[in-house]
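First chain written, first letter: the chains are A, B, C and D, and each begins at residue 1.
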Amino acid sequence: MLADLGDAAHANFRVITATLHEIAELCILIRMGATVAIAGASGYAGGELLRLLLAHPELGVGTVTAHSKAGDRLIAHHPQLIELADRILEPTTAQALAGHDVVILALPHGASADIAAQLPDDVLVLDCGADHRLTDAADWQKFYGTEHAGSWPYGLPELVHADGHKQRDALPGATRIAVPGCNVTAVTLALAPGLAAGVVAPDDIVAVLACGTSGAGTSLKPHLLASEIMGAASPYAVGGVHRHVPEIQQNLQLAGGRPVTLSFTPTLVPMSRGILATVTAKLTGDGDGGSVRAAWEAAYADEPFVHLLPEGQWPTTAAVLGANTAHVQVTVDEAAGRVVAIAAIDNLTKGTAGAAIQSANLALGLPETLGLPTTGVAP
Amino acid sequence: MLADLGDAAHANFRVITATLHEIAELCILIRMGATVAIAGASGYAGGELLRLLLAHPELGVGTVTAHSKAGDRLIAHHPQLIELADRILEPTTAQALAGHDVVILALPHGASADIAAQLPDDVLVLDCGADHRLTDAADWQKFYGTEHAGSWPYGLPELVHADGHKQRDALPGATRIAVPGCNVTAVTLALAPGLAAGVVAPDDIVAVLACGTSGAGTSLKPHLLASEIMGAASPYAVGGVHRHVPEIQQNLQLAGGRPVTLSFTPTLVPMSRGILATVTAKLTGDGDGGSVRAAWEAAYADEPFVHLLPEGQWPTTAAVLGANTAHVQVTVDEAAGRVVAIAAIDNLTKGTAGAAIQSANLALGLPETLGLPTTGVAP
Amino acid sequence: MLADLGDAAHANFRVITATLHEIAELCILIRMGATVAIAGASGYAGGELLRLLLAHPELGVGTVTAHSKAGDRLIAHHPQLIELADRILEPTTAQALAGHDVVILALPHGASADIAAQLPDDVLVLDCGADHRLTDAADWQKFYGTEHAGSWPYGLPELVHADGHKQRDALPGATRIAVPGCNVTAVTLALAPGLAAGVVAPDDIVAVLACGTSGAGTSLKPHLLASEIMGAASPYAVGGVHRHVPEIQQNLQLAGGRPVTLSFTPTLVPMSRGILATVTAKLTGDGDGGSVRAAWEAAYADEPFVHLLPEGQWPTTAAVLGANTAHVQVTVDEAAGRVVAIAAIDNLTKGTAGAAIQSANLALGLPETLGLPTTGVAP
Amino acid sequence: MLADLGDAAHANFRVITATLHEIAELCILIRMGATVAIAGASGYAGGELLRLLLAHPELGVGTVTAHSKAGDRLIAHHPQLIELADRILEPTTAQALAGHDVVILALPHGASADIAAQLPDDVLVLDCGADHRLTDAADWQKFYGTEHAGSWPYGLPELVHADGHKQRDALPGATRIAVPGCNVTAVTLALAPGLAAGVVAPDDIVAVLACGTSGAGTSLKPHLLASEIMGAASPYAVGGVHRHVPEIQQNLQLAGGRPVTLSFTPTLVPMSRGILATVTAKLTGDGDGGSVRAAWEAAYADEPFVHLLPEGQWPTTAAVLGANTAHVQVTVDEAAGRVVAIAAIDNLTKGTAGAAIQSANLALGLPETLGLPTTGVAP
């Protein structure tokens, strides 16, 4: 590779004579080139975005904003971000977010659309909220009860479509990207390969999730108190009423080419990070042990962030903690006539902030994997 | 009531003149009348049995035995049982267990049959292991790989049968009782009413469980280390291979009158006690919101240990910690065409030791609820 | 004993002819005789009081009140109290609390004094808040910043005084009792025997506590969110500013007969219930391994709720979960010249609600141990 | 800087013409230059070393060895290390470890000395075990009971000595380094500045630690089962018998110039990673609020991995999870006459594996911070 480079004379290239250490220092300088503003930086998704940006070689931390926490120093809310301890949270306004190459919105659902509309068209805006995910305005209206803000290119690069292409094709050059929901990512990555390959049926999918509490954010709700969570497993939004339902259906329909029927039940379990999605669907006539494994292998063989584990080894959320990685496993329960597909992700990393950076990399023409951790912090 | 008692002259009665405090002390004396020997007392089920017996007004603690821990004092393994601190664990033999009114076996699966065969026929023996639960020898052979020991009356009093009677009818006077598996209890109690009432279909049931680690007992396995469990949700025995599958199917077939198809996936989550079972099944033509709720209400209205929560309130394992109680809720997901029924139990109490005491009460002619806690230790 | 009873002819006695089962039912009837009103019943201490009262043979649940939760059904806040599910929380007023034999106040610090002043003198009032614990008005003023409400008899029966008597002597017949703080109970029970026996010095005591989160109650504070607590150990109120400091000093001064110097640091750890207090103090000239153990043995040999564990076995909070029990151990570190004494309690049981019931038993002339669990719910 | 580089013509330099992306790829190539073999790679410290090496720009992963797990693929033990999934664990022998620039021993205490003796003198060997930490052979004999293997340069760069220099001075060019114990690191970093500055006294130090379970490694011991740990705080090695005691004393004596007296009590709490050390010591005549804070500020102002938090903000282990960072805070309790200093670290990162890499960086002449994460994975 280096030999080829020697011949290059492109205007974007420059000649560098450096020791290896100086290259390392250079990387730090370069960081400051493209900057990213974070709206909602005092929350958990905001903190995770900042953690990832601090390790990203080509994206730097720009303005950080908050709502009720505006005026505070970052260390008051994110002691883990010691390098950014003295940054002051500014109020979340379009003005404060202006002047950056990238703006990432980590705001409550429903709060992104207004502020996004005020940002310049040529700034890359990624919305970690739900506002721009759904393509069907009726779905939005039904589950969120407000006017639909319109949909943006969807930032789940590994989503395989029925025609075989993947969602990442939609992202290079995009200036608006809707970052998927965390539960949605886990369920979609678990099952989409089977639908795309036609080995599982779309008409009776059942997903049950074990979810960490950080997905619920920093809002002060009684059921999120530590005393309520530790020692408890608790379902919520049971019976098809969770707002992630239409988004999952939208993805799985893209994968299988047909509408899907989905029963979806999330449960809170005593851990801060992590989602384990157990998804079952009926085998089609074409589905058996061999074709099922082949479908998942084909879908994820070349994916840098989604890994089909060796047969017999099942995902655990601990193995993906802090990593932009999904671990997936699948098997066939012949007696039940069902595939069981399981995915584990970190809801804040691959489920939110890592997904945003991954999509930003693609949109900006950077390597998709740049700056993103693939090793979990375990045990 | 007391007035009526004044006329009684039955030989079993005796005249007592006492202050209220003396009645309380009397209860303690009476305890020593019927004694219970515990085989496998060093394990978690054994410890829970002893905790419950210490609070039981008519059953006292007899011999306690263990295998590798024989010779140890109980406090070395159960510091919570301070009243029994100095009891010595004897080796588990039929001789050691002899001379008691009741023997409860809390042994590894496969270890009960031999020892049970050596106990007198008129002693009440309850087996917390799986050895005597399955009625179908082929199922036993398939899932356990050894010769079938035969089945005993099944100790899940609340199990509603297709003809409307309940399993408790089989227990009075029984001298051999198979205590149900903990996962089995949770799934069965969640769904059986719908099958018995014909509002859900038996042919495509999906159960996913969040399970505490104490169900796995005290065996030293790497995946049960605290460092592996905390922060992790992990599935196990996926794809229909868990040994509880045939037992659940056996129960649900009794409830619905027809064989069932079941997809069953347990997951370990970071808590010591508790099982949350999320069970979904397809609605039949007769099933709708009203008929579904009516079915569950009818099944559990008079049950002292199984409670259908108020509509909209979902079970949490924390609320049943240490109690012999199951909390159940059910709803209809019309878009998915499925009922979602959820049950929470403490795997060691209602899931094992409490179930044993409850069945022993019935077998001995005592009030079913005697000595059993119904209040959870929360938060 | 029963023989003696046969001769009794006291007006308080009555002749009962009953089967044993009927005696059990009788116990339930009797419960309704003396009733207890709970102010602050929607909180964690309130829930624990109700759990204990449901199992108490001579005290029944009366009115339950709350502040912001008034009007709610109990099950909305305490699903574990299934027997009381439909009880309605009334507003906390003296009127609502009137007409009961006992009133227990489980209110925020500073809120008890006003309401207590409005209750009749002959009603037994127990205050689980701090308002009436401190005998020194200056201490109260310094740590709480308001006017001192005066002190009540202090409800820690096992507290050994310098002259050898114990605190329980102050409680029979009392109509006002201040229930100790939870951290205070743990530290006091750990160290008091050494001070009373003169084997440890009062002038340089260091206590560091690992505390469960339920002690902080149900208030919605960011640092109490589950996501913040799980995976984290965090100190708070460091440097002598915790409000429990003067109360501990008051107790230890009673034990040793001289003022004490105390460094006190509590830390939050990821568990809901439990306090583990590690307390060290310097050996006096009279202190050595033998005299130290003898001091603790003498103090607790006859205590029903405080247990000195066998040498070499250390307390763990799990073993006292849900029990009104303190487990204590002590050793001498000769190289450091210090005693290390450790106590484990459940902050809601022995640390609050159980202590209240224990003191109420004493005040009412009931057996001190009546209705109180001594077996922990472990693991 | 780049301008200067243009003039350079040193033989170590080379001319690179590259896009920024190609520089990133180059970093990966360069990694393979210096390789690190890990002995004991199947354990928790081994896994953490591999996680850090995967992100290190100039150190690559070489041979990985294990004892009982030899022959297994890494993914069987470390599913979080997906990039190394197929690496085979070789038996731990000097032969297997040969041929690398660096060897890190993550073996049980007592197992390092033999294998280290067989490695070439010019290979950098870092021992994460205790074998080469203690300078006093009698201490080793007393606490470990075997022959002393001799001491190596001690890898705690931030340890301030009484004469003002820091321990990092001993590391450049070293070929043998003893990596500190995790508890030791936390206690030392908490208190050393006060001793070095003479504001706290060495004669009555008390340290109580809340420790995650991963520090106990993967050994299968009953008290490390998840069911035993969750919901429990439990002390161990109480009374001065913990093997880390002499190592802490050795460090604190270096800091203060005089022997220290230490009471040390570790407690296990329900978290996998993290140590929170609460350390108190008596103020000297020179100590007050101002001089204390000045001492800690002076010690850590320029440290890249040790951070004195803003006044009033206390360390929490969650903020350093997965980071090579210590967070420290200190205050004066005037009433108690004591300083309270608290440090939080991740026992596997700054407490073990990160410390090893940090010292390796120094020994090899690389920037001390190279490749080491400073941002915690929170919440």
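Rule of thumb we're sticking to: a contact is a pair of C-beta atoms (placed from the backbone, for glycine too) under 8 Å apart; a residue touches a chain by one contact, two chains touch by 3 or more.
Which chain is which protein? Per UniProt: A, B, C, D = N-acetyl-gamma-glutamyl-phosphate reductase.
Note that the structure is predicted; figures quoted are calculated from it, not measured.
S.K.: What's the farthest chain from chain D if centres are computed as the mean of the Cα atoms?
M.R.: So the chain farthest away from chain D turns out to be B.
S.K.: Please work out the Cα centroid separation of chain B and chain C, and write it as a whole number of Å.
M.R.: Those two chain centres are 33 Å apart.
S.K.: Need the CA-centroid distance for the pair chain A / chain B, whole Å please.
M.R.: Chain A and chain B have C-alpha centres separated by 41 Å.
S.K.: Roughly how far is chain B from chain D, centre to centre by C-alpha average, rounded to an integer in Å?
M.R.: About 47 Å separates the centre of chain B from that of chain D.
S.K.: By residue number and range, which residues of chain D touch two or more other chains?
M.R.: Within chain D, residues 44, 214, 227-228, 230-231, 270-273, 315-316, 318, 321, 379 contact more than one other chain.
S.K.: Classify the chain contact graph as line, ring, star, complete or other.
M.R.: complete
S.K.: What part of chain B is in contact with chain D in the complex they form?
M.R.: Chain B residues touching chain D: 44, 212-214, 216, 218, 220-222, 224-231, 270-272.
S.K.: List the residues on chain C that touch chain B in their complex, please.
M.R.: 1-2, 5-6, 8, 12-27, 30, 44, 47, 51, 54-55, 57-58, 73, 75-76, 78-83, 85, 214, 230-231, 272-273, 307, 309-310, 313, 315-316, 318-323, 325, 327, 366-367, 370, 373-379
S.K.: List the residues on chain C that touch chain D in their complex, please.
M.R.: 204, 206, 208, 210, 227-228, 230-236, 238-240, 245, 261-265, 267, 269-276, 278, 280, 282, 314-318, 321, 329, 331-338, 340, 342, 344, 379
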